[in-house]
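What follows is a set of notes on a single structure, which appears directly below.
Chain naming follows the written order as A, B, C and D, and within any one chain the residues start at number 1.
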Amino acid sequence: MIDLIWLIPLLPLLGVVINTFFGRFLSGKASAWLATLLVGIAAALTLVTIFQVRGLGEEFGGETVTLYRWMTAGDFSVTLSFLVDQLSLLMTMVITGVGFLIHMYSIGYMAHDPGIRRYFIYLNLFVFAMLMLVLGDNYLLMFLGWEGVGLCSYLLISFWFSDTVNADAGKKAFIVNRIGDFAVLLGIFLTWTTFGSLAYADIFGSIEAVSAGVLGLITFLFFVGCTGKSAQIPLYVWLPDAMAGPTPVSALIHAATMVTAGVYLLVRSAPMLDEAILISNFLTRDLVAWIGVLTALFAATIALTQTDIKRVLAYSTVSQLGYMFLGVGTGAYIAAIFHLFTHAFFKALLFLGSGSVMHGMEHGHHAISHGQPAEADDHATDEHGHADSFDVQDMRNMGGLWQKMPATAWTFLIGGLALAGFPLTSGFFSKDEILTLTQHGGYNLLYVIGIVTAFMTAFYTFRQFFMVFWGKPRTEAAAHAHESPSVMTVPLMILAAFALLAGLIFGLPLEDGVFHHWLEPLLYGLGHHEGEGYHLPIMASLAISSIVAIAGIALAYLRYGRRPAETVGEATAKGGLLHALSYNKWYVDEIYHALIVRPYELLAAFSARFFDRFVIDGAVNGVAKLLSVGGGGLGRLQSGFVRSYALGIVSGLFIIGFVMFLTIPNELRNYFSQLGTPAILTFVVGLGLLALILWTTLRPRKTVEAAADPITHTS
Amino acid sequence: MEALTTITTTHYLILSAILFSLGVLGVLMRRSAIIAFLSIELMLNAVNLSFVALARDLVSLDGQVVVFFVMTVAAAEVAVGLALIVAFYRSLGTTDIDEAHELYG
Amino acid sequence: MSALIFWLLSIVAIGAALVLIFGRNTVHGVLAMVVNFAVVAVFYLMLQAPFIAAVQVIVYAGAILVLFLFVVMLMGNDPGPLWEHLAVQRPAAILLVLLLIVALVPMMDVRNLTGVTATLIGPEFSDPASLARLLYSEYILPVEVTALLLLAATVGAVVLGRRGAYRTKREEVLDLDEVV
Amino acid sequence: MDFFTSGFPILTVLIFLPLVGAIITAILPDDMAESSALAFTVLTALLSLFVIFGFDPTRADFQFVERYNWIDAISRQGESLFKVEYLLGLDGISLWLIPLTTLLMVLSVWFSSDSVTERKKEYYAFMLLLETGMLGVFVALDLFLFFIFWEIVLIPMYFLIGIWGGSNRIYATMKFVLYTMAGSALMLAAIMGLGMVNLVSPSGTGQIAFAFDKLLPVMQGLPQLAPTLATLPANAAMWFFLAFALAFAIKVPLFPFHTWLPDAHVQAPTAGSVILAGILLKMGTYGYLRFALPFFPEPARDFAPLFALLAIIGILYGAWVAYAQKDIKSLVAYSSVSHLGFVMLGIFALNAQGLSGGILQMINHGISTGALFLLVGMIYERRHTRDIDAFGGLWKIMPIYAAFFLITMLASVGLPGLNGFVGEFLALLGAFAANPWWALFGTLGVVLAATYMLRLFNKMFFGPVDRDENRGLLDLTRKEVALLVPLVILMVLIGFAPNLFLDPMQPSVNALVEIVNGNAPSIGMLP
């Protein structure tokens, strides 16, 4: 199956082509099922390939399947070829696996939306681009996927484009991603100029020959790209706004797959990352670790006070990605990938859960406002831009949904536990492994920050859980909400099973479970090194993580669970400065707008309106005007008076005489100079010039007043 | 003192230079067409004088031949010139050259 | 003796030229030119160019100036307003001519021009016969051309002089049918 | 393929077929004009296909060469003093410009069949004459002949914009023609200069000649020869280079000389804009590749940083000025300034990747901007306005139009997988190899490109349908779809299989790189 690897990305592409060109002949539902089926087959193929590779045992180092020569110019050459190895297969499994579940869930979720075919075309295109990203065997093919997913996230975020808020959110996502891609592009250029090739095999084969500084620069550029794609500190601003897209999109793209592309890129370039030194002793990996942990902390603080159900999860994703980068930064590559793996499942679960909650709330809302059962109307206006501005996503309007939507509630609880890192859940194992390895690597400060963030994660997760499911419904809509159809709850259950058991199946025994053996051959000997200083025993760090998680849940219960707020007003937290800061996302968006967007628009307006038109164009038109004015001026020189022309002729005589005198060869000159004493000649020269000045300045103006009319002699 | 008594070619040349310059002055200053035309004749004459002086000086008749041609040309010129002046007069009613200044700009 | 004549006559010549330039009356100007041409004729004689002197007197003084007189008679003597509206003309002209004199005179030293010192030559130098022989041997082409030129000039003068060939602007404006 | 070795003058026929077409169209009655013009353009397009298939991608020298004496002044002693040759030839660099020209001509003639109503005959006659001029520029190898075609192109363009243009067309067309003429006047002087140098130079052919192969060896020796000659200034090569460079810079347009482009585009009729952006701008960059670089390698290397800087300014400046535009066409015009900035950056990287990227980007820009102008023309036919704010929510009303606009926009923004990316990537890669800072700022242009294109797309296609004039718009007709499909196919084809286009270029590009680096061309350029 390995050499048929190209089938896997081809299937979603096939879906796109069929639905685009022959979509008219299929009903909305049919094209949806077609798209889901194709991704399902791709998932199955991946599974088969994985087992085949496991069969080959440890020494399977990855195989390249080349299709054709993509781009050659001079000595630069790149082929369109796929790399089949443990890492790429794992990522493919995540993409196609989670992707399949989300496709199925979307059939139910988007059932009533008229643009359903367009939605599934984009979703398939996204899966295709993501597969190209992970399966590509060189950085350029990876980049093709990298920008492809950027495009799909733009299209999907602004899916309900009739509302400008969504369109702008999509545009913001695309442009911020593009800034990241700018850095990746530069990284690719630098890679090619240093290594002479872009294929991973060639590059990682000749790492030693290259100086650590250059490697540092390459990895730094790639990391800047990753902060764009995986929403880390400087370039994370697009992810929270990306919630404007349909919820399954948020689940698939902004939780499970696309945002993990950054982590994949760094882990893929692990050989480079290990040797990369930024400045003297500050490694690129240190930068990655610090940015990761700071992002985790920062995003967690914002998530604490958000009221929109999806924004909490968005900031939680940014935070969990921070953990993954922390893992990469401290060299715990396998742990980071493991966390990526588990996070994909439980975060997708939480997003789909919240989607199901919103779905229920809508039906509840419709039930009361129109008095008749919720008929299929345009989904677009439902979820956003409500005519009567009832925000289905606002947790303050929810409450007590436990009884109304038991299945969603239970799966949401499991997802929450995993996210919070409740002992034995998948999140617990993966997050704890990163924290322990961080501590073992000697990064104690990072460990402490990590633990604090874990506590906050547990708190806001269960704050969300209690606000949504606990207590009594705070609004009529919540009272009338009811469970989503099975096509949506079944994927929830599957994901919930994964969220619970993934840790146990793959994680145990710690650090050499199934997962680690799978990735070992690829990442062998890379990354993790035992830092000096005190090493927490494994069991101790496990205990600390559990305590922190449970404490967070308990605090959330105390605050939100025991006496759940009865009314919406009560639910809106009244907080001081800190609360305002957190709720308004530390005003980062406003700062970016003021520092970057506004000056750029002013510059654009200035150069377009003023500089281009008056300065450059002005210069061009100025030259034209100059010529016409000059012509006019010279014209006036012809005064019409014959005698002034005669005067001109005589003074011209002197000027020419003077010029000839200057230019005649010297032996003739001294011949002439004998004629008259030199004094006379200089006198002549002087007067000649005077004549010129006299003639041109004082030439007769045309105003000949009071001259009698020559013919009739009358004035 | 000897320059005063023996007249050399240079004297004639200087005289012709002076006459020539006066001719130029006449052309530049006077507004009457006839006077200007006469000044031109004067200038031509001055040149003839210098030709003859140099012809004598270089003992070659070519100078005089040239003068002969200059004279014929001058005659032709006067004929046409005067006809023009008459036409000018008939057209503009005056011989003042400054009146004809429509051709400007 | 001849030096005295030269100085006297040159003063007369220059005086006549000045009369022409600064005289108010056109007729006085023409008469002054007659005197000037006569003096120059004498100079030609002194320079042993008798034929040229004769031609000068007959052609220049006789024909051309008489023609001028006719024209002056025809047009009457209207000096017109002496007031000079071309402000710059008069001073500039005087200045330039002074400049011209100052520039030309020092250059007229014949020794430098011809590189040969002036020598007096014998009377037979320029009798009309030798001049005619030269004229019709070497310069035959120019002679023919000037003949043609003279023909053209006469035809030109006749055409320009004809009356009524065109209605001058003056006639249109005053609607004169009878030409002045 | 004996057809080509049989000496059939394919290039001559290719150039003058449109001319014949122009004459016939002018003769035929008005209503026949459009069909005859279409027939001739399609015929020329087919002929250009012959050229592509007959082209041998392995040879670096010129192919399909035709060489006849045109002006030959023989002195009494029998040796020719002044010789202008009718010299045509095609190599890797100019290969793809031919089909691009003929394709865009077919599309623009077909498009204007319903948008141009009055004075049809003249319109199509001028279009065909324009095609002759353009094709001539790309195949002429004698400087004199090149200059003639270079000027011929201006005349029809002047009338096309002048008669069928928008409201302020006289100013725009006057500015366009005079601006280009000013530049080419300098070039004419330089051409004459080169002719003289050929006369004087020992390695020349002792006559005033302008043929490419005669001048090339002379140019190699010029920097050493110039100081020895009294008549030429010591750095004559530099001055000649600058004269050529200025004429081409105005045409490209390079940064400071670009102000004529937006005016010309806004006032030009749709078909005129397609040709103006698609092909006329490429004459400038082609000029650098064919004449400025090979003839003056040393000055080219010395001035490469300056031109790279101007290119980068062009990229960034074009981008943010485009961001602030209100009229779609001027936005696309400034985007052309930005895109051609990439081409120039690629060219003046002076290495194989940069040059290949630059040449490919010329083709890509022709395709994507040609498509963009067709799209703008289509919406203009419906709404008769180009003001961006007049549109909103078009996706819901004209989904097919929106889909085509989306693909074209993505191609011009340089999304990997479409044509724009390949050209820009190679150009920037070459620039990076030449000087990393160039590539740094050049790549910034890629980000800015996204800003103005997305702003345009979101404003036109997303958002609520707030204006009722937009409500009634009907989607693309079959003809309009047929117009855009070939371009979209090319976009995807170049995106995924650029080697089809890159491989034939390589030998000529390598030869050019060799010459520019100062060593004489290893192969004889012309038979």
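Just so we're on the same page, a contact is a pair of C-beta atoms (placed from the backbone, for glycine too) under 8 Å apart; a residue touches a chain by one contact, two chains touch by 3 or more.
Since the structure is predicted, the reported quantities are computational estimates derived from the model, not experimental observations.
Which chain is the middle one, judged by CA centres?
That would be D.
Give, as an integer number of Å, the spacing between the C-alpha centres of chain B and chain A.
93
Centroid from C-alpha atoms only, then distance chain A to chain C, rounded to Å. What do you get?
Chain centres of chain A and chain C, defined by C-alpha means, are spaced 97 Å apart.
What is the distance, in whole Å, between the centres of chain B and chain D, each centre taken as the mean of its C-alpha atoms?
66
Taking the mean of the CA coordinates per chain, how far is chain C from chain D in Å?
Result: the chain centres lie 70 Å from each other.
Residues of chain C touching 2+ other chains?
85-86, 89, 92-93, 96, 100, 109, 169-170
Which residues of chain B are in contact with two or more other chains?
24, 28, 31, 92-94, 96, 98
With touch defined as at the top, which chains are paired up in contact here?
By the stated definition, chains touch in these pairs: A-B, A-C, A-D, B-C.
Using the touch definition from the top, list the residues of chain A that touch chain D in their complex.
Interface residues on the chain A side: 68-76, 80, 140, 143-144, 146-148, 151, 154, 158, 161-164, 166-168, 170-171, 174-175, 178-179, 181-182, 185-186, 189-190, 192-193, 600-601, 603-605, 607-609, 612, 616-617, 620, 624.
Inside the complex, what are the residues of chain C that reach chain A?
Result: residues 85-89, 92-93, 95-96, 99-100, 102-103, 106-107, 109, 112, 169-170, 173-174 of chain C touch chain A.
Quick one: in the complex, what on chain C touches chain B?
Of all residues in chain C, those touching chain B are 2-3, 6-7, 10, 13-14, 17-18, 20-21, 26, 29-30, 33, 36-37, 40, 43-44, 46-49, 51-52, 55-56, 59-60, 63-64, 67-68, 71-72, 74-75, 78-80, 84-86, 89-90, 92-94, 96-97, 100-101, 104-105, 108-111, 113-114, 116, 118, 121, 125-126, 130-131, 134-135, 139, 142, 146, 149-150, 152-154, 156-161, 163, 168-170, 179-180.
Please output the residues of chain B touching chain C within their complex, sorted ascending.
Per the stated touch rule, the residues are 4-15, 17-26, 28-32, 34-35, 37-39, 41-42, 45, 48-49, 52-59, 61-62, 64-65, 67-69, 71-80, 82-87, 89-96, 98.
Which part of chain B faces chain A closely enough to touch in the complex?
For chain B paired with chain A, touching residues are 24, 27-28, 31, 92-94, 96-105.
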